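Next come two complexes, and both contain chain A; in the first it sits with chain B, in the second with chain C.
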Partner chain A sequence: MHRRKINRFFGKNSRQGNWWAALLIIIATILLLLVKSDDFATPQNASNLLAQAMPLIIVAIGQMIVIILAGMDLSVGSVMSLTTAILALDGSPYALIPLVFLAAICVGLVNGVAIVKLNVHPIIATLSTQFIVLGIAQLLRPVAGGSVPDFVVTIVTGSVLGVPAPVFWGIVIVGLGWKIVHGSRFGLHLFAIGGGNASGQLDTAHNFGLKDERNIVLAYVISAGFAALAGLFIAGRIASGDPSVGSQFALDSITAVAIGGTQLSGGVGGLHGTIIGAILMSLLANGMNLANLSAFLQGAIKGVILLLVVGLQSRKKMGL
Partner chain B sequence: MTNVLRSAARIPPAYIVFVILLATLWLTKPQLMNANVMGIFVRQVAPLGILVLGQLLVMRVRSIDLSGAGVLLLVNYMIASGLLGDLPLPLILLVSLGIGCLVGLFNGYLVAKRRVSAVIATLAVTVIIGGFVQFVASGKPPGNMPELMNDIYKMKWGPVPLPVVLWVALTAVMAVFLSRFVYGQFVMAVGENPTASHFSGVPVERTVLMAHVIAGLFAGIAAIVQSAAVAVGSLRLGLEMPIDAVAATILGGVIFGRGDGGVWGPFFGVMCFALLFVSMTSFGVPEPGKQIARGLIILLAAIFYGLNTRKT
Partner chain C sequence: MLPAVTFKGVTKHFGPTLAVNDISFEIRPGRVHALMGENGAGKSTLMKILAGVHQPDAGKIAIAGRQVCFANPSQALAAGVSTVFQELSLLPNLSITENMFLGKEIMGRFGSPHRAEMAQRTKEALSELGMSLDPNTLVSELSIAQRQFVEIAHGIKADAQVFILDEPTAALNAADVQVLNARIEKLKAKGKAIVYISHRMDEIFAICDDVTIMKDGAHVATQSLSDLTPERLITLMVGRELNDLFPDRARDLGPVRLSCQDLRLTPEASPLSFDLHSGEILGLAGLEGQGQSEIVRSMIGQYAANSGKVRIGSQTVLLPVTASAGVRNMQQLSLGFVPEDRKEEGLLLGAAIRENIGIGLQSARPGFKPLAKVADVTRRIMADLNIKAGSSTTPVGTLSGGNQQKVLLGRYLASDMDILIIEEPTRGVDIGAKVEIYRLLRELAQRGMAILVLSRETVELIGLCDRLLVVHDRKIVSELAGAEASEHNILNAALTS
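Right after this comes the complex of A and B.
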């Protein structure tokens, strides 16, 4: 009994995956940065770090939901870019914000329907929507510019009683993610469908009477919705539209999810691991910035981290 | 009747799209329809066509290779910056091919031995190479290509530009290689059913690894031709090429594990791209329109095959 508890904590046979390794690296990184950099432990840097980490945390939660289903969503970055492009249009924020989420739901629906009804591989479906959505964003706003409604800027950069807005965002997003993944019937079905998929029996969940097709479509819609939320947050931060703002986020979010112990083959993962992974990625980026590392080299290092994390996961299937 | 319909559904969409595009161009822009102009259009997509030869091989063994952009950047930077000093041109080209093979070998190791998702692995390789090259170049484009390369690129064999000759020749070699050699049979078997192939004694891992190495080699050749075409060093060269290669391959009737289109289907997929981009430019469609077209082509072609597979 005791041994089983220990095993579960360290990620062996656990449905949450191996998240404690990422946590240990976070602690080590914080200690290292505290010793090495004088600028790390300043209130300014702390609030920067929080604001930088928030979009990645939001996208990663959506990405995790489709990855638990043994899928993947490469279109999240483009959805974020599209969101900032839409918000920078002329118009009332009360019309633009619903429009943003409507657009995201459409992208999610296209992804989901192509995958379950039209039999397209998830990676190919989201790879193609990535380009379609990016093209639409570039049509709306060919180069970075324009201005976002004040309302959006206020809800992202403002503060209530001295507490910065990102803190409230964090609480709401984590609560929402927890409700979806660990506190709802949909969340339970996610693990059932993804776990059946990982064990090579595609129809396991279906045979137990789960509405697998409906759940998969819903997962892609939720992922696009979270991406739109992240885009909203970034639009508030940069106060303008930018069609290239999301280009890094597809791979970054997959890295964050994988580093937090979620298995790309599906069925294993958890919200806390993903949040830990996203915080770790933001901490590393922050540390590399403080160390004045070239932005190009930072990109290469992120790629190496992705390869290491994904290369260490075991998978039966070969190929895509 | 159903037989006719069924065999019609097996024709790769590339042939149909090619005919439609050609007819549209013929009707709307007849002045473009001469050997010289067409030769230039087709010459432009020769690097893409060579890249597609590797792409179709990896896609037939249910993998994918998006690292072509990385190989292109690296080879272009290496030649343009004079990193290798005064080596003679043939040796430089040989090193370029070697780089392609090495990147392919690394991809193959990750995909076949470590079982990493091929999209993630090859995208990460591109990100790593791209970041590294930009770091070494500190963001500034390097110098020019040797003039000899651009001169060879512009040569013609009769009315046909030399790069196109190279492309057609490599395609023919690939077709013979896949149909006459045991390796071609292995590729087909692994594509149809990896598990069954494994238990029938097909070396699955080695077949996939080899496919990635060959794809890397073709990426190296494509990089040389593309670099010769632009004649200068560039850090933004061919970033979209791997995606176009995937789109052309699917359009040509080769999709994960299924090789209906053979080698010539994707060939016409690339020809479609040649005509498509020309007609989009001549009709004044902006760059974002091309992005949307890219995505739509992949999605529609994949849906076409997805529905086909479901029926059978």
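Right after this comes the complex of A and C.
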């Protein structure tokens, strides 16, 4: 009994997935940077690190929601780019911000309906929308430029209720993610549908009377919504529109989710793992920048870490 | 007293086939009602109609006198019909509680599920079955037996009045079957109606009160089991007597094909030896779990025996053999092994019949020189074994249990094996297919094959085998000729050893 609780805490035989390997690497990286780098433990770097990590954490939460369903969303990066392009249009922020989310909801609906009704594989469906949405973003803003309304810049870089804005919004968005995934009926049904998929019992969730198709579409809408939030965050930071700003985020978010122990086969995963995964990715990037490693080497190291961490997850012993 | 379930003229078509044809009978509360018939007789379809998976084309169903019409299984459960299907229907990555309340969660404040309340109710439902599992345990951590009990608890929680158990014992060992039977008695004492589907005759007579027999989608009879004998029941099911099920025994035996010498399963066990002759069907009998399956599995390297040797022809294999080499080596010595769990260990369910039969031939060949004539071989085997399927490219998973078993046998036939070891040759197979498989095994023996059979069904071993070895406590305690064996003297030999 006791042992089971300990195992579950470390993600063994649990539905959360194994996140301890990623956490160990985070701790090791922090220790290493504290010892080796004088620039790491400065307020300036901490603020940088947080600002770098936030968009990835946000987009990874949305990505995790579709991955728990045994899906995948490759269109998130394009949605982020489109968001910055829309925000850099001429117009009132009170019109542009709703427009951003309207666009995201449309992308999510197209993804979800293509998967559910047309039976397109999630990778193909979201790969298609990735191209479509990127094209629209490039039509709106062929090269980086323009300016984002001050309102957006203020809410992202200023402070809210005396708390630095990234910290405040971080807590709000993570709280929202927790509520969706671990504190709602929808979240539980995500695991049910994904678990049925992973264990080859495709009809089981349906037999329980779950509205599986509606839940799948909703998951893709939520994923696109989180991508729009992440895009909003970046737009506030760079204060302009950039059609290539999201290009790395589709694969980076999947990497963060996988490092955090969420299984791409569906049904196993959790918010804390995903956040740990996203933080690890940002911390590594930050550390490697401080160490002046070349961008090419950084990419290679990211790959090694991904393989290592997922290899250490002892996937067989997990919930499925 | 109102009947728990009343079927009245229930009819269901699937395309042009009539699966259930004008069925009318009643199931009474506080009784265990067996539903019997060959596979394809329509009993599973009828139960799926009752459980809300299918909707009838015509006819009426009443639960406790009230007419019902279910669109899906969760509506049926809400109306008091709980089903434990053959295919497991719990989600492995959810806890017991979450499975029990899935789709009907109790909600607490702020739109969050009320976990404590649900866990408490789950605990109560489990304890009614005498189980003290932690309701937060993931289903993936439970044994098959526990999962089935959880499904029954699911029905108890929903206050079901009718429990449908579709082959509940197919995956259980003897001890778990005992526990299940005790729990069925408990439900019965509470006035619940239980529908019990099984192919095991002894179980039916041990726990059921009434029986309904179906054949080809139609109703044959509904009567009290105390008025029936097993022979009479089989006659009603297939229109044949029990003796007709089994082919004649071998007249004379050929030379020794396989000789197992001084096999010790564990260091403490006393050695055992036996010979298997060409043209013979030899059975390993005895109580369950006494080492029968370890004996055969140690020969193919899936159980690490302590010591021993197996002589096949001029070759001698020293035991233990490693798992990776075992089956392949034995195949080269033309020994085929048909495992008990054909879905898990034997067949590739998603692959075509042709691939499943061909794989035995292909695996004996170099990787880049596959055999081209698999289609011809498959056609011949399918005709020989009377495998009923649309074509040789039909996925095996869509076939009935009997046809699946024949495909598996066909694989070894295609490879011209001299020796065949079969575990549970007719597990989950209906009577009609059983007869065919018995006849087939006898034909193979007559052609000179040596066959070793393991089965939980003693009647089957007695009817089929020429010779029986009674295994008890990891040794052979008695040898009986098939013609002289009876359930009584096998049990006697096992228990007085």
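Please note the rule applied: the second predicted complex is superposed on the first by the 297 of 320 C-alpha atoms of A that agree within 3 Å, B and C clash if a C-alpha of one lies under 4 Å from a C-alpha of the other, contacts with A are read in each partner's own complex, and residues count from 1 in each chain.
The working rule: contacts are C-beta pairs under 8 Å (C-beta built on N, C-alpha and C of every residue); 3 or more make two chains touch, one makes a residue touch a chain.
Predicted model only: the values in this text are computed from it and were never measured.
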Give one of first, second, both or neither to describe whether A:46 is in contact with chain B, with chain C, with both, or with none.
neither
Regarding the shared-chain residue A:268, is it in contact with chain B (first), chain C (second), both, or neither?
second
Looking at A:188 after the superposition, I want to know if it touches chain B, chain C, both of them or none. Which is it: first, second, both, neither?
second
Does chain A have more residues touched by chain B or by chain C?
B
First (chain B), second (chain C), both or neither touched by A:297
first
Which of chain B and chain C A:28 touches, first, second, both or neither:
neither
First, second, both or neither for A:95, with chain B first and chain C second:
neither
Touch check for A:143: first (chain B), second (chain C), both, or neither?
neither
Which residues would you name on chain A as touching chain B in one complex and chain C in the other?
319-320
Which residues of chain A touch chain C in the complex?
1, 13-15, 179, 183-185, 188-189, 191-192, 194-196, 198-199, 201, 204-210, 267-268, 319-320
Residues on chain C engaged by chain A in the complex (per definition of touch)
53, 72-75, 87-94, 98, 102-105, 107, 110-113, 134, 138, 140-141
Of all residues in chain B, which touch chain A in the complex?
61-64, 110-112, 114-121, 123-132, 134-135, 138-139, 194, 204-205, 208, 243, 246, 250, 256, 286-299, 302-303, 306-307, 309-310
List the residues on chain A that touch chain B in their complex, please.
72, 74, 114, 118-121, 123-125, 127-139, 142, 251, 254, 264, 294, 296-304, 306-307, 310-311, 313-320
